[in-house]
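Below you'll find the structure, written out as structure tokens, and then a few comments.
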Amino acid sequence: MPTILGQNQYGKAENRVVKITRDGDTHHIKDLNVSVALSGDMDDVHYSGSNANVLPTDTTKNTVYAFAKEHGIESAEQFGIHLARHFVSSQEPIHRARIRIEEYAWERIVTSDGNSKFIGADEVKHSFARKGMETRVSQITYDGERWEVISGLKDLTVMNSTNSEFWGYVKDKYTTLKEAYDRILATDVSARWRYNWTSDEQRMPNWEKSYEQARKHMLQAFAETYSLSLQQTLYQMGSRIINSRSEIDEIRFSLPNNHHFLVDLEPFGLKNDNEVYFAADRPYGLIEATVLRDGVEPKVPVDMTNL
Amino acid sequence: MPTILGQNQYGKAENRVVKITRDGDTHHIKDLNVSVALSGDMDDVHYSGSNANVLPTDTTKNTVYAFAKEHGIESAEQFGIHLARHFVSSQEPIHRARIRIEEYAWERIVTSDGNSKFIGADEVKHSFARKGMETRVSQITYDGERWEVISGLKDLTVMNSTNSEFWGYVKDKYTTLKEAYDRILATDVSARWRYNWTSDEQRMPNWEKSYEQARKHMLQAFAETYSLSLQQTLYQMGSRIINSRSEIDEIRFSLPNNHHFLVDLEPFGLKNDNEVYFAADRPYGLIEATVLRDGVEPKVPVDMTNL
Amino acid sequence: MPTILGQNQYGKAENRVVKITRDGDTHHIKDLNVSVALSGDMDDVHYSGSNANVLPTDTTKNTVYAFAKEHGIESAEQFGIHLARHFVSSQEPIHRARIRIEEYAWERIVTSDGNSKFIGADEVKHSFARKGMETRVSQITYDGERWEVISGLKDLTVMNSTNSEFWGYVKDKYTTLKEAYDRILATDVSARWRYNWTSDEQRMPNWEKSYEQARKHMLQAFAETYSLSLQQTLYQMGSRIINSRSEIDEIRFSLPNNHHFLVDLEPFGLKNDNEVYFAADRPYGLIEATVLRDGVEPKVPVDMTNL
Amino acid sequence: MPTILGQNQYGKAENRVVKITRDGDTHHIKDLNVSVALSGDMDDVHYSGSNANVLPTDTTKNTVYAFAKEHGIESAEQFGIHLARHFVSSQEPIHRARIRIEEYAWERIVTSDGNSKFIGADEVKHSFARKGMETRVSQITYDGERWEVISGLKDLTVMNSTNSEFWGYVKDKYTTLKEAYDRILATDVSARWRYNWTSDEQRMPNWEKSYEQARKHMLQAFAETYSLSLQQTLYQMGSRIINSRSEIDEIRFSLPNNHHFLVDLEPFGLKNDNEVYFAADRPYGLIEATVLRDGVEPKVPVDMTNL
């Protein structure tokens, strides 16, 4: 047989699980999208169609829902760790499990007046609006010995309306761009950071707090950097996280440059003093880089956008 | 000629305009997506291709950007009023202008520590993150005499994790649904309300405050209604707005019932005590209705979803 | 009570049904997305939450699947007619049913070599690839007496690479556009045509053939019209259908002008002789109009895009 | 400095270029979406914001359009090779260029009647409809010495309405799935194959023919395989390509299992004899694997879907 099987994985993708936890009248929501990918002794199913080693993807789906009850959902990362450990330790042919999770955040609906004539104000303890800002993501991989946890976020759209310049670049025969000394800098942040927790013997990070802090440092660095290039801003965002959070060794960003072009209003006898912009869709600059703690080996995949 | 021309309109759609207003160091953002549709004496361009009455769509785009400078963007509604008045009053063949606007909200990035070592905390006066929650929408129509302003929002996802029931419904031979005495009620609110401001002689509403208040009442009614059906909740949301805001005469909702199905965990020996749900995508219930002030004639189009 | 209920409707939206019909070894696919909207005596459910008149949306979903078995799916229109008639005639509180259907087309996979060494060539009688071109749509409305059938298509992207001009238009102070004497004309056709079949006493059109012919005439008119404006092309597309198909009385189009801008290559010492274009996303011109048989009353809704 | 810069790349993404080639009256279209990513001596721009080594992303965009004129677009692959070679060879700080291209196919509009009364039938030589089926993709990488070309397609939706089974799988405590002896097998094919052309000294493949043939073999294998698992079908699709096309050494697939669930019609007294299916959206099985020529080293990235 001149062809052979290479890396392979399978599982149920995008299991949408919502978990309500009741603390008296006060409810809490965890809203996740969980994808399971399993690898191991899977040659036969590819070569002959024998499913003797195949736990059905339907079963991996059932396990997600059952585990939401059995273990609860303390955090996306902790939930993924329960799932990955289960598949690798309970199924002999499975040697590696990769759990990917998206998390959607909700906030409580505020009825600030407090003088509802319909039902007591207490009732809003079960009413929520979905925050649309970013999507939190996490990937947990386990091979029976070592853990790899990569967390992050996507679609966090940010803008600085000043304190950004772009000049002093290379000019070749195809260069027509004019230098800019005061421009809008805007991007949709996509970031993935890798934790240095890799073993059950280590103390596990506080996943919820770590997320919140990494996000905060990233936003602060974005806001506070006087930017000469989006690359410089990216590096500041990454190094701020590495410097502030000892549990994180590496972070990769994929940052589209959401171009806001100053509209030429001179044909209409108007001066555009950095006031009116056209927000363009495509094309866009795309800046991607890894920032890591000196001495560690990079492991976050380079491709965060796909061919 | 056995065929004739019926209603027609044209213009430039989805002009993305971002306006930065500088109040000293503090910047303000208005981020709009503006679509222009013009109607009038347009038979010739359809029958023969003569453009003698056609103001180019490119010109309508330019006008959007020029007006952002000339008039500023006080509110989406006010901006649309400037545009609609201009097209109808300045172009003889144009008898009617309809301006549709989507508005995207931004919030300031907070650097709560305040002890940045890079740049002064003041700098965040120009740094923003885009709120992803709902999209605010508005439609302004003008025929040279009367105004019609319909405003609203879409994609505001809300959930009550209890206080919802569904029972006592019709059962026919195709009915298999089990009655529910405690279910999740979730929807993506799409609402359009019509203002009773129709003439330049009337005092114009405070568009920004009206939006904020209508949204608040709608959310409160959603949170506070003990629901026996999504229709009942819808009606409460609508009547709360009509009762609270005298400038609004009519509101139409399109509310998908975002089904959250309780997962059957019994095969795994587990009891699901309203804890673990599967959030389904399709199909979904879709509840649509108009609520209006007694005595007024409904004018918001019935079809908020399209064929 | 100062507020009242206006027009309202409800039902299950986006029921995805795939029907396989076996003609010996040869299989046939119908792949539909069916949305049900019912209206009638529904005041109580809005005012008090009483579901006594409410057939559950879940039941309307079940009916779609049961009818695919009981009646088969001869065409989207015929299937919608079965459903609409059922809801109105079997449920006393239901006075009006509106069925919307999207249909996705499939074509057989060709194994042209015919010398497969795995399985007989006959086997491809059950193998299909989904055509991605347009989505066929239909809306069937029934009030117990009269039928309204509106069919059409969306997302049919077409382009003429020449034979399009645009000049002789109005110039105001915001006009900067240069006249064009040879441009690309491209659009995503969205069309809805209304049949004059309205009663069970009339002979029903051949829905499948009518769709195929209307589509053909529309494409031919697009291809063969030397265009001085997209409006002119639109009118030709519509009148060709009305003139050729006596069963159709009215058609409405929503045609974005998919701008293809000639790239300025002069800065690089190159001449762009109508060769290299930038395909823009937003903004876009949007041309919408109804073409109808002389003497008939227009009924297709004006708004094919939503606020 | 405790943090360092890792892998990084930048460029303009999603440059939409449409090239019209005139062969007398007959026009030809190439419709591409081109993304450029450059790497090299880029430490300074990240650390200090100095753009001294940075060719602007705007220039990379201009180059795409200029090259469409200067070199034409013989194929996506050949166009990418021109671009990658240019950036690496003309810019000293650039050591590696990666060009990604999506290609959209068009077909000529047929006016089969041939008796148009408007304009001669010849005119359709410039009229096109966009085929919506799959999107062709390609990624060309060059480091100044070696080439890597990975091509493929995405969103090719296929279905076998029979000749698929699934049974004999592992059952654990979370398994509830019933075995299936005749099911629908449907997927959206996403495939990336790597060419063994790596050097200018080698004879270049015929990219257009190779794509067409690889696509054909893949579809045939899908249609002709009697499937006991989607993994088995995947392997047949891959090995058919490797065995038939000597220029291709490796192929990776990401195949969602587009579930079509047989609807239970028994509650309505109906028997569903593999006729009526519910086409589900989420969750879905996801099967991913590489098939490669024996002895070659796999290089196509494992992650075709992203975290």
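Chains here go by letter, A, B, C and D, matching the order in which they are written, and residues are numbered from 1 within each.
Note that a residue touches a chain if its C-beta (ideal position, glycine included) is under 8 Å from a C-beta of that chain, and two chains touch if they have at least 3 such contacts.
Since the model is a prediction, treat every value here as computed from it, not as a measurement.
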Separate pieces, if any, that appear once chain A is removed in thought: one piece
Interface with more contacting C-beta pairs, comparing A-C to A-B: A-B
Intercentroid distance (Cα basis), chain C paired with chain A, Å: 37
Centre-to-centre distance between chain C and chain B (centres being mean Cα positions), rounded to whole Å: 24
Distance between the centres, which are taken as Cα means, of chain B and chain A, whole angstrom: 28
Multi-chain contact sites of chain C, meaning residues that touch two or more partners: 15-16, 62, 66, 174, 176, 267-268, 281-282
Residue numbers on chain D that touch chain A, as the complex places them: 1-16, 35, 37, 42, 45-59, 61-63, 66, 90-91, 93, 100, 137-139, 150, 152, 166-172, 174-177, 192, 227-229, 231-232, 234-235, 238-239, 242-243, 250, 252, 256-257, 282-294, 298, 301-307
Contact set on chain B toward chain A in their complex: 16-22, 27, 29, 31, 62, 65-66, 68-70, 106, 109, 111-113, 116, 118-119, 123-124, 126-134, 155-163, 184, 216, 219-226, 236, 260, 263, 265, 267-268, 270, 272, 274-281
Complex contacts: residues of chain B adjacent to chain D: 173-174, 176, 267-268, 281-282
